[in-house]
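So, here come the structures, one by one.
Shared chain: chain A. Partners: chain B in the first complex, chain C in the second.
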Partner chain A sequence: MTADTLPTTDPGSIRRPNEELPQKIGQLSPSWIAFFIAMSVITAVGIYAYLLQINNGLIVTGLRGLGSMAGATWGLYVAYYVYFIGVSFAGITVAALIRIFRIEKLEPVARIGELLTVVSLILGALAIMADLEHPWRAIVNLFQYGRPQSPFFGTFTMVIAGYLFASLVYLYVTSRRDAAILAEHDSRFKGLYRILAAGYTDTREQRRTDRQVTFWLAITILPMLVIAHSTVGFVFGLQTGRPGWFGALQAPGFVVLAGVSGIGNLIMLAAIVRSATRTKGRITLDAFAWLGKLLLGLLITYLYFTAVEILTITYQPGATELNLSEALLEGTYAWIFWGAIVALVAAAALLTWQALTRRWSITVVFATGVLVNIGAVAKRYLIVVPSQTHGQLLPYSTGTYTPNWVEWAIIIGLFALGALMIGAFMKIFPIVPLEETDSP
Partner chain B sequence: MAKYAMAVDLSRCQGCRACMEACKIENNTPQGVFWMYVFRTESGEYPNTKVDFLPRPCQQCNNPPCVKVCPVGARFQRDDGIVLTDYDRCIGCRYCEVACPYGVNYYNWRKPEEAFADYNVDYKDPDIAAATGGLIPPYKNPALDRLQGTEQRLTAGSAHNVGVMEKCTFCVQRVDKGLDPACVDVCPVHALHFGDIEDANSPISQYVNRQTGFKLLEELGTDPSVFYLNGTPPGSDTREIERPLTEVGS
Partner chain C sequence: MRKIVTTLMILVGFGLMVLSYTALGTPQCNTSVACSNPRVAFAAGIFVVGIVVAFSSAIFYSVYKGPR
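Entry: the complex of A and B
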């Protein structure tokens, strides 16, 4: 951005482009400027914490070794890495469902979802990088010596490379038409739109090609999605050495909880976009009702998995599993565990009530989005941490782990970075696809 | 090719922890890091309690979960059975640490110059010089920096660089010279034995075959190379009496 295009706080003095773009693109109101400044500051604090960690080693975090050091070696970073990867479930699933089953009601939220997928995958990758002391060595060595036998290999290739790449292609292909339309307007982003449109012409032939491309891409991405989220589950589910991790339910559980947190996030973001871009006419209550029903289905499946899990670890547990289940259900982690259950059950109850009465409210659906995400973060934390502090198989002392400010600063910084990316996108490109009638 | 194994005679171990000390001197491990660790445990309820000791080196598994999960092949097993870490290749993801059921992995949380802060005694200080007789001990074992074995990889401990994982190496720098690990050499009651388990005539084979024993957490299928003789595995009510007071960081 050059100096003469820099917006000022007084809306009256903004050098307006000749034509106004839809959805307030390119216009920065004072509240938007405040938003960008606030998010930049939070991101900067995160970067400061990260530099502190790079310079001093992971000693500045609350993480410590397992065993005789009685700590947890994986903590907040890994929990949020799993959470961010889970959130990426939403976008592409919804976008693919729209293309495959022709659900037109959801069409306006498709791009929000695709963007959410791309952003959360980037955040997931950054979260796992924050966990490593030598990020550059990690990148080089993973290329040079990567071993497919390690469940982490799937994380780096399948999830962060393949899935992210496919999502970016999907986002691009479905955005070209809008770029072509906007390139006709005389705006400061005209050059960008022309590059993005890349010679797109809105002919019948071109639309048909695009529809076919997105359809087949959607068909390929869906199995990829299940595999990608399963590999994250395998990081834990294949380890016999940690009570509470080993189990066949881990991979499907990860896929379903990914769906819950992803759809929940999509609902929240769609509601925010709806009021921020004045697209209330486009994103209808029907779309929220549809997403609410999808969320309810996934949530009930996840609650069923949780019930099965609780029964399995309490009915006749081995000595080490008993130690872990006591810590989870009535010990150190009980407040997190029962808090998560209350949040998830409350969300399920709200959604069921709305589905039964057929009276949907965006506020209530938004609230369920918040509730399921609180539940999802808590459950991710409980998968990662207790099996380390309370899951020792040799007679080590019970461990403790409390995330300290460095870890929180980096994680909150990641959220702010994500908000910045989404906010910047909203100010450069229509986040709600333009209507069919908006022809070039 | 030899296949190295260790035997621990639990009826002999008296919990003196000389092996832990020898390990620290040989491998220059930082504060709070115990490649060799001796559990001092109790079990039962007062007045019927029992105290036990359980030395825990790396179990050098023949089906090692840590090797399986390593995303870059930094953790590997040599043909002679020793499981080692390549410090030049480790990216510090700590997956081996969570995958290991024995808790033998230690991550270098601090830079070496800080990790040894508490050991960094100023030997030139007149008061200390009076106590040590003017002797200045070497800061580190030079053998740790050499590339080991036919694979020529940096596996012996190196400088305990920050951000990489390390664990007991069976003292690979000694074994490659035909010596026993430091803990075995130093044990005052001959509770620890080391040798080639595939050679039926080796002392350790004879020793293991003559006596009853167990391997730790054998049910997990890790197939450890450490044999525990003349004792019982820790039960569900076995608890650690005290844990080391040396904390890492503040």
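Entry: the complex of A and C
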């Protein structure tokens, strides 16, 4: 240990060759094996459904052309693409709160959020690929013909490429110290940890450098996050010929609902990780209370946007807007719309009650995470589908769309793939950052 | 050395993004079908490369151990 190296609280803890890795890393219990098998089977069913779609085309799904085919060309895949991209909001938001506002109580959930961001962005990219009949063409054509005038250019460059890469860099930089600590153990992952640590030495200067890097990354990624989520909103909000989509509230609405679904997912995942990795002493009630307050602020803002949206489309609607608002409020989509409103309002009420009484419960906060995600998925579906089936400006009959088993199998397969990625990460690397007192 | 290379990476990366968006992708032209393709093929790819270079500077700054 050089003079510049930070001392450890327990000198004997520097080398622990026969000691188990923390947070059950590398340990495969029967319940974990069952989880991996179950998720692998569900993912395999999703892959089978996707291969069926690739071989036969989108005719095997519930998607049909607009107008003369009276269907919807964007359905479940696009709704979940928007949802997954929204979930990615969590990681960098929490990281920025920690770095910029110094909310250290959220430190233990930071890596969970960063991982959630990376995984959800990958799932978002896969969901939009599932919507394309010839995905390989899109991979080349997006690079070759992407135009800055198109909101898809922003979605592709900012969200899929920029936001994902920046999040991976952030995840890596914040993980090097833990990799260096774990590289001191004799484990099957030792080589991987050494590569990831890349010569990390726990000196004051290195820590200062890492603080600088993560601070500036958070500062840089935060506006990118707002731009990225706004461009997804612009994909819908800039289409003048599509009642229900065209509107200035789409972009801010997308950003805020992204925050709601992202923080809601982070709450759920943090609670699961807390139980699964025996880190109850690290992920405290205070962290959930902070996340709950953040979720409440975003939720109230989104409910305000929703109220404004309803008032606008029902105040003096044109014929098409009237058709659309009737379908939403009392017709085909009413059960989804009011179900979403009930879920979001119930979550807001539960969070408000806890904030007012200052008595937070992890179980109740977890329940609000579930509720807001049900609401978010429903709202994403309602943004994508009704305008296509009930928002025709041309004299076509009202359309219908019902997702079939192929679409559901692919989407559920994507969720299972995400669970597999997070589960595999937890078995290889600490999902909760190691304690300050641990040192390489 | 570390600061110079990091700054260069950020400038080059940001420069590629600006170049791709303003010069190569023809954002000033949106009234003609002739403008439907970017002026230079793979302009979007160049934008992505810019992002990768700019954000890789964070890894370089964190990992670099040579002379300062």
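The rule is short, and it goes like this: the second predicted complex is superposed on the first by the 423 of 440 C-alpha atoms of A that agree within 3 Å, B and C clash if a C-alpha of one lies under 4 Å from a C-alpha of the other, contacts with A are read in each partner's own complex, and residues count from 1 in each chain.
In this text, a contact is a pair of C-beta atoms (placed from the backbone, for glycine too) under 8 Å apart; a residue touches a chain by one contact, two chains touch by 3 or more.
Please read these numbers as outputs of a predicted model, since none were measured by experiment.
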* Touching partner for A:156 - first (chain B), second (chain C), both, neither -> both
I'd like to know which partner A:166 touches here: chain B for first, chain C for second, both or neither. second
Exercise for review: Could you say whether A:396 touches chain B, chain C, both of them, or neither, answering first, second, both or neither?
Suggested key: first
Practice task
Figure out whether A:407 sits in contact with chain B (first) or chain C (second), or with both, or with neither.
Solution key: neither
| Touching A:146 in the superposition: chain B (first), chain C (second), both, neither? | both
Does chain B (first) or chain C (second) touch A:138, or do both, or does neither?
first
Between chain B and chain C, the one with more contact residues on chain A is chain B
Message = Let me test your reading of the model: by the given contact rule, A:70 touches which partner, first (chain B), second (chain C), both or neither?
response = first
Name the contact category of A:114: first (chain B only), second (chain C only), both, or neither. neither
Shared chain A footprint, chain B vs chain C, residue numbers 142, 144-147, 149, 153, 156
Residue positions on chain A within touch of chain C in the complex are 142-149, 153, 156-157, 161-162, 165-166, 169-170, 172-173, 176, 198-199, 209-210, 212-213, 216-217, 220
Touching chain A in the complex, chain B uses residues 32, 34, 37, 39, 41, 54, 56, 65, 68-74, 89, 91-95, 97-111, 114, 162-164, 216-217, 220-222, 234, 236, 238-240, 243-244, 248-249
In their shared complex, chain B is touched by residues of chain A numbered 56-59, 63-70, 73-74, 131-134, 137-138, 141-142, 144-147, 149-153, 156, 235, 239-242, 319-320, 388, 392-397
Chain C contacts chain A in the complex at 20-21, 25-27, 30, 36-38, 41-45, 47-48, 51-52, 55-56, 58-59, 61-63, 65
